[in-house]
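Shared chain: chain A. Partners: chain B in the first complex, chain C in the second.
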Partner chain A sequence: MAEGGPGAPGPSADAGRGSRALGNRGVLVSSASTVLFFAVIALIVALSPGSEVVAERFFNPKNLWQSLVGSTGNPSVLGAFLLNVKIFLVAEVLILVLALVIAVVRGIPGPVFFPFRLLAIVYTDLFRGVPLILVLYMIGFGVPGLGLPVVSYLPDVIYGVISLVLVYSAYVAEVYRAGIESVHESQNAAARSLGLTRWQSLRFVVLPQAIRRVIPPLLNDFIGLQKDTALVSVLGSVEAARAAQIYSASEFNYASYVVAALLFVLITIPLARFTDRLIARDKRRREAGALA
Partner chain B sequence: MRRRISLIGFLLVAMLLVGCGGQSAEESGATDRCEMDDPPLYTEGVLTVATDRPAYPPWFKGSPKDYSGYEGDVAKEIAKRMDLPIKWVVEPFNKSYAPGAKDFDFDINQITITPQRKQAVEFSQGYFANAQGILVMKDNPAADAESLSDLKNLTIGAQVGTTALDFVNETVEPAEDPKVYDTTNDAKSALESGQIDVFVTDLVTTVYLRDFEIDGSTVIGKYPRSEQFGILLQKGNPLVGCVNEALTLMKQDGTLEELQKEHLQQYLDVPTLEK
Partner chain C sequence: MSEGPALLLEDVRKSFGENEVLKGIDLTVEPHEVVCLIGASGSGKSTLLRCVNLVEPIDAGRVVVEGEEITAAGVDANRIRRRIGIVYQAYNLFPHMTVLRNITLAPREALRQDRAQAEENARRLLDRFGLLDRENEYPDRLSGGQQQRVAIVRALAMRPHLMLLDEVTSALDPELVAEVLSVIKELAREGMTMLIATHEMGFARDLADRVCFLEAGRILEQGPPNKIFTSPENPRTRQFLGRIIEAGRL
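After this line comes the complex of A and B, so read on.
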């Protein structure tokens, strides 16, 4: 089957193929079942005895708007969400670098480097195992408590970013490692036989292939990271989830949580679609490669 | 009765089909009378009283099965006047105002009565006039503050969900956004380690922290805001009538004042800060 050129949009090509495969009757059935499915859910919600109260407490337009833009004494959820975005962007870059270092260190052969490999293994085991919120508490309240110069007097957001980087680097290092190990040993052997050093082979032959393969799972981890920026609020800074909580506690209304949830979804969707596209592109390439 | 369209927006178009829902507890109001010798209860024969955990002295003292302390004793006194035994249950503050049936008769947890909150829950009359207290470390420049305006350029912390946070935002109006913590304990750690210069919370708690928890701290002043702590009930729960009747009696015969003297007096003697 002929595949689209490099410029062809991945998902739409897929969607077109999907509906052709289903046929007209398939489209009809799928639409009907979709409508029915959501109608039943909506009916259950709407006819439940508490629906009036839930509508008032969660979806009142006045409260939704007020919490989005802020009101007297209550921070704006949208404004606070900018902090989530900032934390995410800074943490993401640091994670990509630190995790790659850990993954590479873990793969260095030779008995001399055993302590470094051990350190990398202990690191990933430790930080993948400890819940993020506990790391946040230990770093965010522990380090300032030590009273060390400079290190103990950083803003709380910095401790939050450090915690996120520590935990997520452990995950991402494993993703990198899986990518590195998926590159066939013959690639490395060929590179070495061409006269490349071990480092050059890693840098120019193995890593480029490895990283391209792991981009989709990497992005998946970053979607998780976007949401976990909300946990940084335990250290004192007001991000979107905390701003929502402040509004909720002051007005006794949960609309602010709905607003915060929507903001998180809105920023996650582009990344999710981008991941889908990359996966589709990768699939096309591999299929093309197999045919050739 | 028109329904809110926004809910539907979120839960997809199909909801528009529906005309009317169940009878709402919000609408009925607390019009039913409450008989002191036969109050409407969550569990027959027992007064189920809720508070958050951990519960802090001097509001609560003793075991969670049989609290004393100021709020513990106020609840006990109300139960005594209805001639009922008390059963204590745990209710996190953030859940106490959720829609739906409550798992308790009433919740007593230093909850300030405000007009917005009244739209969502039923409040009893006030049982304590709250003031905000301002806690700082003695070796911090904040200790020299003589008025609220001296606090403007400092890092201020407060606990989420407290009127102290509203007070900071509305009255102190600091240059830097206040830091907000989940619990008193987190705010306490932040104050001790210098992450915040000032911790604002209700006066009694600040003095308690100064005297029993944080060495080297001091309360530089209080700021009264004509706030009252109220007992929280399900919106429309007629039991509020009985709770109010009991509180009125306790105010008339001096019981409430005596309980305040016994539990809170030592915490209230703090100078008032100028704005």
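After this line comes the complex of A and C, so read on.
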């Protein structure tokens, strides 16, 4: 850059042409390999002995459409999928809050707070260890079984949300904690030296930096959460997977499962691409920071 | 002042595990005095500064700031800390905040100044140190010298009675050292009480009212800079300064 003489533009322009040419060839190669890959899969499916039955049971356009919009006696998979979206949105907000509380509690120093720290550790260990479906059974059948006023008489879907929040908060708390620990201690020391309290330092200096760093892994966990909303069906809530099951049981056709799967994929892909973009942006920033 | 010395340390001790870094430090800093700590890396200079405001808790001894013992049980250390500004070697600016927010955070949250007042005060300080056009930049967009000056402004915004400077020029490129040192000289001229750990011997000689030589966690010798730099009594001090002169740093 410093020696921007007459020779300088030449090589950089060449490099630009070179990389564009390579880029074009790259696109060609990747398109070709993609086509080939799916052609092979399609061929295997088409040539398999049961291919006609599979096409009829899974991909019949009439059944695909019917299960998507619903028919007499069968709920619409798309309509049921709205319940998944609602469960996801409510659970996500609750998880973000509860997990942050757990992560912060786990980091409070001092012997007085030992019982709270212990509780946070036991919580994360427990709920990361138990499979979600078992938590769903225990909450969904156990709490109503207690016969307590109000809490034992909630709609099934609420027990489902509670279970998801309990399990995912344990994971997300660990993500937060990793973020908090990644902020260098000197940042906290600088804040405390200015006379800020421990809490103010956490709130204004440590957490904003920590959360920014863990957004990509958080989104990754939420992609998992989006799919796991389907498990809430074991408590009887008619969400997309359950609606698909009802359809397939009455029509002897599995197209509804394909529809439900596509709906989950459709909503997951934007989130996955968004996560990728954030990761790429962070990487660019770090590299720019290293240069500065 | 009726409150006595700006800072009084009595038999301050600090260990990291097995390693005793401060082995009983006694030190008094009078109001408006500039005291420089010199000594090799690892002699305990930085640790000493960090222990003064108790961000690094001490194992034994007393720290008294303007007559108030910060180490006494039941004392709100945060309140006393606000009177002590500290500037670190690595600046430690908050990377997610603009320059202006870096400076106004503590006045607003710890001193409960309103936003307009805190920002006006910050802009006045930035202007004085030639940084006014940088108020909306993030720290990583600034040069090292600018970042360090912002760190000094951030500490000054709390209107400290005492400034602790921990090798504030050690991380800077040589051509950026002067701009930071001139800021510190200006503070000294205004009568700011300062305790400065430094490797810049020329700077210590010009600026300090008193120089303390630290080795292995003890103050081995202290006195006016003329005396320490020209006729030190302790053979260890002579040896240290000899090495500095050999390295062409004095």
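General observations
Rule of thumb we're sticking to: the second predicted complex is superposed on the first by the 265 of 292 C-alpha atoms of A that agree within 3 Å, B and C clash if a C-alpha of one lies under 4 Å from a C-alpha of the other, contacts with A are read in each partner's own complex, and residues count from 1 in each chain.
Please note the rule applied: a contact is a pair of C-beta atoms (placed from the backbone, for glycine too) under 8 Å apart; a residue touches a chain by one contact, two chains touch by 3 or more.
A quick note: this is a predicted structure, and the numbers were derived from the prediction, not measured.
By the touch criterion stated above, A:162 is placed in contact with neither chain B nor chain C.
When both complexes are overlaid on chain A, the residue A:225 reaches neither chain B nor chain C. In the superposition on chain A, A:204 makes contact with chain C only, while chain B stays out of contact range. Of the two partner chains placed by the overlay, neither chain B nor chain C lies in contact with A:104. One of chain B and chain C touches more residues of chain A, and that partner is B. In the superposed model, A:95 lies in contact with neither chain B nor chain C. Legend: residue contacts after superposition of the two complexes on their common chain; A:258 is shown touching chain B, with no touch to chain C.
Once chain A of one complex is fitted onto chain A of the other, the partner contacts of A:47 are limited to chain B, with no touch recorded for chain C. In the three-chain superposition model, chain A touches chain B and chain C at no common residue. The touching residues of chain A, counted against chain B in their complex, run 35, 38-39, 41-43, 45-61, 64, 72-75, 141, 144-145, 147, 152-153, 156, 233-238, 242, 245-246, 248-254, 258. On the side of chain A, the complex with chain C involves touching residues 186-187, 189-197, 200, 204-205, 208-209, 212, 288-289, 292. Put simply, chain C touches chain A in their complex at residues 50, 53, 55, 78-79, 81-82, 84-86, 88, 90, 92-96, 105-106, 109-111, 140-141, 154-155, 158. Residue ranges of chain B in contact with chain A, taken from their complex: 3-12, 14-15, 17-18, 21-26, 93-94, 97-100, 114, 116-117, 119-121, 157, 160-162, 165-166, 169-170, 177-182, 186, 189-190, 192-196.
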